[in-house]
Structure formats: C-alpha cells, structure tokens
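Before anything else, here is the set of structures, which you'll find just below.
Note that chain A is present in both complexes that follow, paired respectively with chain B and with chain C.
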Partner chain A sequence: MIRTTDRTALDQWYCIDDLDDIGSAPRRTHLLGQEIVVRRDADGAVRVNEIATDGSVGAASPVEKRYGYAWTTLGAPARDILAIPESHEPDRKSVKCGAVTVHASGLRIVENFLDMAHFPYVHAEILGSERDPEVRHYHAEIRREVDEVWATGCKFFQPQASAAATGGVMVDYAYRVASPFVVLLYKTCVVAADRSDVICLFVQPMDEDLCRAHPVMFLIDDAAPQATLIQFQQLIFLQDRIILENQRPRLLPLEPRAEIPTRADISSVAYRRWLKEKGLLFGTAEGAREL
Partner chain B sequence: MSTDRRGWYAVSLSSGVPPGTANGTHLFDEEIVVWRDTNGAPHVWADRCPHRGMRLSFGFVRSDHLACLYHGWQYGSDGRCLHIPAHPGLRPPESIAVWRHSTHEALGLVFVHFGEVEETPALPAGMVGREFIPVRSIHVACPADRLADRFAALAITSFDRRLEGGIFALAATQSVIAGAVEKDGIGETLVGAVQPIGANRSALHLVVAGNGISCRGAPQRHFSRTIERLRDGIESGSLPMTGPIAPLH
Partner chain C sequence: MTRPSTITLYDFEISASCYKVRLLLSLLGLDYARVAVNFYPGFEHRQPAFREINPLGQLLVLRDGDLTLRDAQAILTYLARKYDPAARWLPSEPTLFGEVMMWLFFAASELSAATAARLHDILAFPVDEASAKTAARRAFRIMDDAMTGREHDGVSWFVGEAPTLADVALFPSIALSRDFGVEHDEYPALRRWMRRVRGLDRFIAMPGIPEHP
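Moving on, here comes the complex of A and B:
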C-alpha cells in the first residue's frame, strides 16, 4: 500500500479502533495507505504511530477518544470530530458492533448506508420486503452552514426494523453524512415514538479499495440484551458486504454519467456532488485514473 | 489457437446454466454473466448493473428477466431495464440497458462473441442429431493457446486413434477442438472448447457428441479424469510444453 497524497482525505479525523480492544500489545492497521500501529503505553494513554517504509516505528499521530473509539489523523483537519449530542443522553445504550473489513472503497460503504432501495433485496424480510419496495419521496441537501449532507423525510416499510421490533412498521429515517467517511442515521425508535435511535458508521479507509467499518449504535432499548443487538447489526453488515465486494468498479465513480441513478438515489447524488466539490480523490474511480 | 477478442468462444457447458440461473465468468478479463431464462434461452451480458455497478451474476431470474440482487432492477432479454421496484409506477427510460453480447448455443455449449454480430459460429460438421453429453469444465492456470495446443496433443494420444476432424477452426479463432474417438468399438466425437479467461488462466469445456447411452457413465468419467491429469500436468510443468504428449490413461 502507498500512503495517499490526497490532501482532502489526509485532513480528516478517522476512527481506527475500539478503545476496549487496545492493550499494551501493538495493533497494526492501515489508514489511507499508511501503515500505523496502535497501542496503550504504561500509563494507559493510547498512542498511534506511523510505520516507516523500513518497518521502524515512525512519527506519532494525534489521538482523540470519542464514542468508545480511538480517532487519529495523518493531516491537519480544519474541523473537530463530529458531535453526536444523542450519545450523551443518560438513558441511551451505546452498542459497539465490532469492526467489519470490506474489500471495497469506503465511499461505496457510506453510499450503501444511505440507500433504502436495497432493503427489500439485500435485507429481505428484515429491513424491507418485496411486498412494499417503494422509496417514497424524501429530501436531500448539502447543508452549507455545517458542511454536511442530509436526507430527511425518509419513510420505508420494514418487516423487522430492529432487534426490538415485533412486526412490520413504516419507519421514519433521517441520514447525516458528517464527513466523507462518517455517516449516521436517525431512525424511528420502536419503544419511544418521539425519539430516534442513532446508528453510526465510522469508516476507516485502509486503502483505496479496502476498509474497516466500525458500526456503533446509541439506542433507547432497555429490553434487548447487548448480544442480540450486536448480532442483528452484524447480520445486516454481512449481508451488505456481499454487495459491496461485488460492485464494479470497486472505487466510487463521481462522474455523473458513470452510473445511472433514479429518484431513490437523490441522497447518493448529493453525496457524490459534495465529495466532488471537496476535491476528494481517495477511494474514487477518478482518483485511481490520476495515479 | 489465435486469441482474437473478436471471435466466438464457449463460456459454459449448456448443462452448467439450467433455466432460471445465472453464473459469472470472465472472457479476456472482462466480467460476464451467463444466464438462462425460464423459456430456455441463454443470454451473455456484461456482468454489471448500470445503476450501481453490482455484478448481475449475483442476481435472480424471473421468467425472461434478470433482476439485480442489489435493488431488484429487472432487465428483459433485450437488455433494457423494465422495472425499478423502488418506483413501481415509473416507466424506466429506454437509456437504461445492460451491455449485451451475441450468444449462440450449440454442441452442448454456450458461445459468446463480444458486442453484437450478425454471423453465428462455424461449427464442426456431422453434429446434426447428435446427443451432446457434458463431461466437465476445468480451469487451468495457463494461456488459452497453450491449453488448446496441449488438449489437441493429448486428444491424439489419449482419447483415440483417429482425430477425424483434426483441430477444428472456429471462425476467427480456433477455440473448438473436435475429434473422433473410439473406445471398445464404439465411436463418438469429443469436443473440447477453450475459453480465454485472462492472460494466464483459461477453461476447457468438454462434451461428447455421442450416439445414445454408450458414452454416459464410465466414458464420461474416463474423459473427466484424463483432462484433470492434463490440467495437473500443465500446472505442475510435468507435461512437455510442445510436441506430443504420452497417453495419460
């Protein structure tokens, strides 16, 4: 792997590991083509270092701890790690679902996360059903004041919307892309109608076409055991992985004519436009052509 | 065997793609999907849904439509998108279509020619009314021209006595090798078709153009074992790269 020179990609914060998994033994992984090592030193502090091309431990990278994870950057981010106000509410359960490695561009994973139209096919009889596959009109926009992509007013029929659901419901969704590799959804909570469950996907782009996804949920669900919640989410991600590893090209095309969207894809269209405006190349088909 | 991209190549045994199924394979490194509709017609398309790039070989067949696994978009036998489930009332624009390739089924094999061409493949003579019995497909880590050459050399020494047709030239390519085989006094024709998968990977699809039940069972197993040994010999380097091959019985 080769460390990217893409400034837009370098100047971001990335989730790289679950804090509960970091011990004194060094853990090697990759970020943007750069090999890094993560470990806890004697006084418990998390350290991240680059591994030089000769294999030696090189420069230290900044470390932040948020939402139960270690975050780092290889550049100089202009913005802080995203804020998730719901995560601080005392009656929410934080559920980390384990990392999933996917042989695809991290951008494809974010886009799949934004997509409702695949529910009846990829998550059949769980998140969607062929009996009602319609994606009703919703709103998608680039919010300039916060520099995020939002999709709101999304509705979809789900036979089993979550581990806690006992029957089919029409679910309300809102989606938020906080940075190119960080995406969240707010979803009707089946046990508290006026509030939303929050499901986040922190994507660690290891290479152009390889990444780890770190899913974490902030749920209002006092009934289901943690293991059931994790199993449910892992099933969903494993179903998605079959798709993600078989999309061609593996990298996300930003050129509008490379793939044909329909009305259900207005969030994906906004996301691709936003990435293009940022000049992001890492993980894009256009970036690969420039190499 | 010349390996011109503009030629007909077998990409599957007919029996390898039953009605209502789809399989992914490669021809000259291009991903293609071979599928058969429920009326029995085979189709070979680019293995990529124009919507979000998903490989269509993971999809599912509904009557004469191939549907993408990702969002259920359905494509008719002309490659055009007919239905987008997310928008049940929408008539998909004509511009949404999968790239199709010319397809022809003969000799118990599915042939493909990139793009759309008028002509059909030239085929060995004397095949009318024969029963084509599938033996197997094998994948070999070697270039297609070497596999064709080694199979022809093997066919002469191991399968028989007389290769009546010799090596049969198929249109611009020489991807089909047919020869008469005689075993225990019963004659049949062995047909081997070579598929160039990539620079150093190819497949051989083997069928017997038989005379009834005589070549089912033991003869099928015999041919199958022999081409397995051919593959192992090529991949291990234990077979000569050129010239005759000693019988592999």
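Moving on, here comes the complex of A and C:
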C-alpha cells in the first residue's frame, strides 16, 4: 500500500480502533495507505504511530477518544470529530458492533448506507419487503452552514426494523454524512415513538479499495441483550458486504454521468457532488486515474 | 410447519459453523431456542461463564434437555440420529455411513482453513492469510473433483442417491467462499451441487449465501 497524497483525505479524523480492544500489545492496521500501529503505553494512554517503509516505528499521530473508539489523523483537520449529542443521553445504550473489513472503497460503503432502494432485496423481510419496495420521495441537501450532507423525510416499510421490533412498521429515517467517511442515520425507535435510534458507521479507509467499517449504535432499548443487538446489525452488514465486494468499479465514480441515478438516489447524488466539491480523490475512480 | 423440541443453540449469526447446524435444524423441521453469543467483538466464548458450558472456549454448543454437545459435526450426527428416525441424513448402511463420516471429518479438518480465511477477511482475525486460502482452495478442489465424479456416475449428492449430512457439512464453507475472495467459477461441479442444495425443501440461507440460485 502507498500512503495517499490526497490532502482532502489526509485532513480528516478517522476512527481506527475500539478502545476496549487496545492493550499493551501493538495492533497494526492501515489508514489511507499508511501502515500505523495502535497500542496503550504503561500509563494507559493510547498511542498511534506511523510505521515507516523500513518497518521502524515512526512519527506519532494525534489521538482522540470519542464514542468508545480511538480516532486519529495523518493531516491537519480543520474541523473537530463530529458531535453526536444523542450519545450522551443517559438512557441510551451504546452498542459497538465490531469492525468488519470490506474489499471496496470506503465511499461505496457510505453510499450503500445511504441507499434505501436495496432494502427489500438485500435485506429481504428485515429492512424491506418486495411487497412494498417503494422509496417514497425524500429531501437531500448539502447543508452549507455545517458542511454536511443530509437526507430527511425518508420513509420505508420495514418488516423487522430492529432487534426489538415485533412486526412490520413504516419507519422514518434521516441520514447525515458528517465527513466523507463518517455517516449516521436517525431512525424511528420502536420502543419510544418520539425519539430516534442513532446508528453510526465510522469508516476507516485502509486503501483505495479496502476499508474497515466500525458500526456503533446509540439505542433506546433496555430489553434486548447486547449480543442480540450486535448480531442483528452484523447480519445486516454481512448482507451488504457481499454486494459491496462485488460492485464494479470498486472505486466510487464522482463524474455525474458515470453511473445512472434514479429519483431514489438523490442522497447519493448530493454526496458525490459534495465529495467532488471537496476535491476528494482517495477511494474515487477519478483519483485512481491520477495514480 | 416445524416440530417443537427441547433444543437450544448457542448462536452467532454470521458463523459458518452455527449456520451449518441451523441449516440441519431447518431441514429436519425442528423448532429450537437460540441464545445469542457475543463471539465478536465481545469474545464471550472465551470468558469463564461460557467455558463452563464449553471448556474449549469455542463457540458452537447445542443443548438438548440434559445433554450438552460441542463440535458442529458431533451435533449434526446427534440431531440426525435423534430426530431423523428414517436415517435419511445419516444412513446406517455401513458403506454409506463410512462415506458420510469421511466427509464430516473432512469438513472438520480440511475445511477449517476456509473458516480461518473467512474470519481473517471479514473480522481481521490474526491468521496466516496466504496458507489458509491455499489450503481452502485445495480442499474445494478435492470436493469439486469428487462431485465431478459423482455427476459422471449420474448422482447428485456426495454420498448415496439422496442428500445426507455430508452435503450439509460441506455446504457452508464453499457457499461462503466469496466472503474471502474465492469465486465459484473455479468449481463448476460444486456450483451445480450448491444449486441443488439451495433447492432443498426448508433450505435456509445466511448473509453471503443467496437464497435463490
């Protein structure tokens, strides 16, 4: 792997590991083509270092701890790690679902997360049903004041919307892309109708076409055991994984005419436009052409 | 329609071994209870509480009344003996029985490389990726050659004239091989056989395995 020179990608914060998994034994992984090592030192502080091309431990990278994860950057981010106010609500359960490696561009993972049209087919009888496959009209926009992509007013019929669901319901969704590789959704909570469950996907782009996804949920659900909640999300994610790994091209094209969007894809259109405006290259088909 | 039973499966949804047992339970039409085990990221199977159930600290455990069984292949044979009185899935005729057992041991030994390769690629488990994938491909090649021979002899299943535990035990690893980058094009006989397995009455899938051919 080769460390990227893409400034836009470098100047971001990335989730790289679950704090519970970081011990004194060094854990090697990759970020943007750069090999890095994560470990806890004798004082319990989390350290991240680059691994030089000769294999020696190189420069230290900044470390932040948020939402139960270690975050780092290889550049100079202009913005802080995203805020998730709901995560601090005392009656919410934080459910970390374990990192899953996917041989695809991290941007494809984010885009798949935004897509509702695949629910009835990829997540049949769970997140969608062929009896009601319609993606109803919703709104997508780039919110300039916060520099995020939002899709709101999304509605979808779901036979089993979550581990806690006992029957089909019409679910309200809102999606938020907080940075190119960080995406969240807010979804009707089946046990508290006036509040939303929050499901986040922190993507760690390891290489152009390889990433780890760190899914974490902030749920209002005091009934289901943690293992059941985790398995529900892992089941969903593995259904996506096989599709994502077989998508071609592996890298995300940002050129408007490269792939044909439908009305259901307006969130993806906004996301791609936003990435293009930022000049992001890592994980894109356009970036690959410049290699 | 499923039959009620006293069975409890300690289950991890995305495990190929757990799926193997769920598949047989479904084929036998058995209803059962599930206990979700936080295999990953929690590694609950290595905790003291779980070691009381399985001292090996390994995931797959099935309980039936007072019986506690570990190991996917042992569980398959137990379920077949107990809940398939016609002995369709585990024939008692010595030759057929021997051949089924041969493939069950193959599934437990040679195909463990496929499990390791899959855990590496999906969950970044620390395994020797290259040797696991080479060993998995070698095992699939042996299966494909065997199935090519079976088809040449005019039969559709690994043992005998009808599906047996051999087919159940061999199916998950190859069906899930795309999870670790092994495409099915290299194994044409296995592709045709997998289509037949998917067509079985009460067949169930899991993520990574299409329900319909």
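Assume the second predicted complex is superposed on the first by the 291 of 291 C-alpha atoms of A that agree within 3 Å, B and C clash if a C-alpha of one lies under 4 Å from a C-alpha of the other, contacts with A are read in each partner's own complex, and residues count from 1 in each chain.
In this section, contacts are C-beta pairs under 8 Å (C-beta built on N, C-alpha and C of every residue); 3 or more make two chains touch, one makes a residue touch a chain.
Nothing here was measured: the structure is a model prediction, and the numbers come from that model.
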| task | Evaluate whether chain B and chain C can sit on chain A together after superposition, giving fit or clash. | result | fit
| note | Expressed to the nearest 10°, the angle that the Cα centres of chain B and chain C make at the Cα centre of chain A is 50
| query | For A:Asp21, is the partner it touches chain B (first), chain C (second), both, or none of the two (neither)? | reply | second
| field | Partner chain(s) touched by A:Val135 [first = chain B, second = chain C, both, neither] | value | first
| task | Could you say whether A:Pro120 touches chain B, chain C, both of them, or neither, answering first, second, both or neither? | result | first
| Touching partner for A:Ala264 - first (chain B), second (chain C), both, neither | first
| task | Applying the touch criterion given at the start, work out whether A:Asn246 contacts chain B, chain C, both or neither, answering first, second, both or neither. | result | both
| task | Based on the superposed arrangement, let me know which partner A:Ala193 touches: chain B (first), chain C (second), both, or neither? | result | neither
| Quick one: smallest Cα-Cα gap between chain B and chain C in the superposed arrangement, Å? | 6
| field | Intersection of the chain A residues that touch chain B with those that touch chain C | value | 242, 246
| remark: In the complex, chain B touches chain A at residues 31, 47-48, 50-55, 58, 68-72, 84-88, 90, 95-96
| said: Applying the document's contact rule, which stretches of chain A touch chain C when the two form their complex? | reply: 18, 20-21, 29, 96-101, 103, 124, 212, 225-228, 230-232, 234-235, 238-239, 241-242, 245-246
| remark: Per the touch rule above, chain C residues touching chain A in the complex are 11-14, 36-38, 40-42, 44, 121-124, 178-179, 181, 206-208, 211
| task | Write out the stretch or stretches of chain A touching chain B in their complex. | result | 115-118, 120-122, 130, 133-135, 242-243, 246-249, 253, 259-264
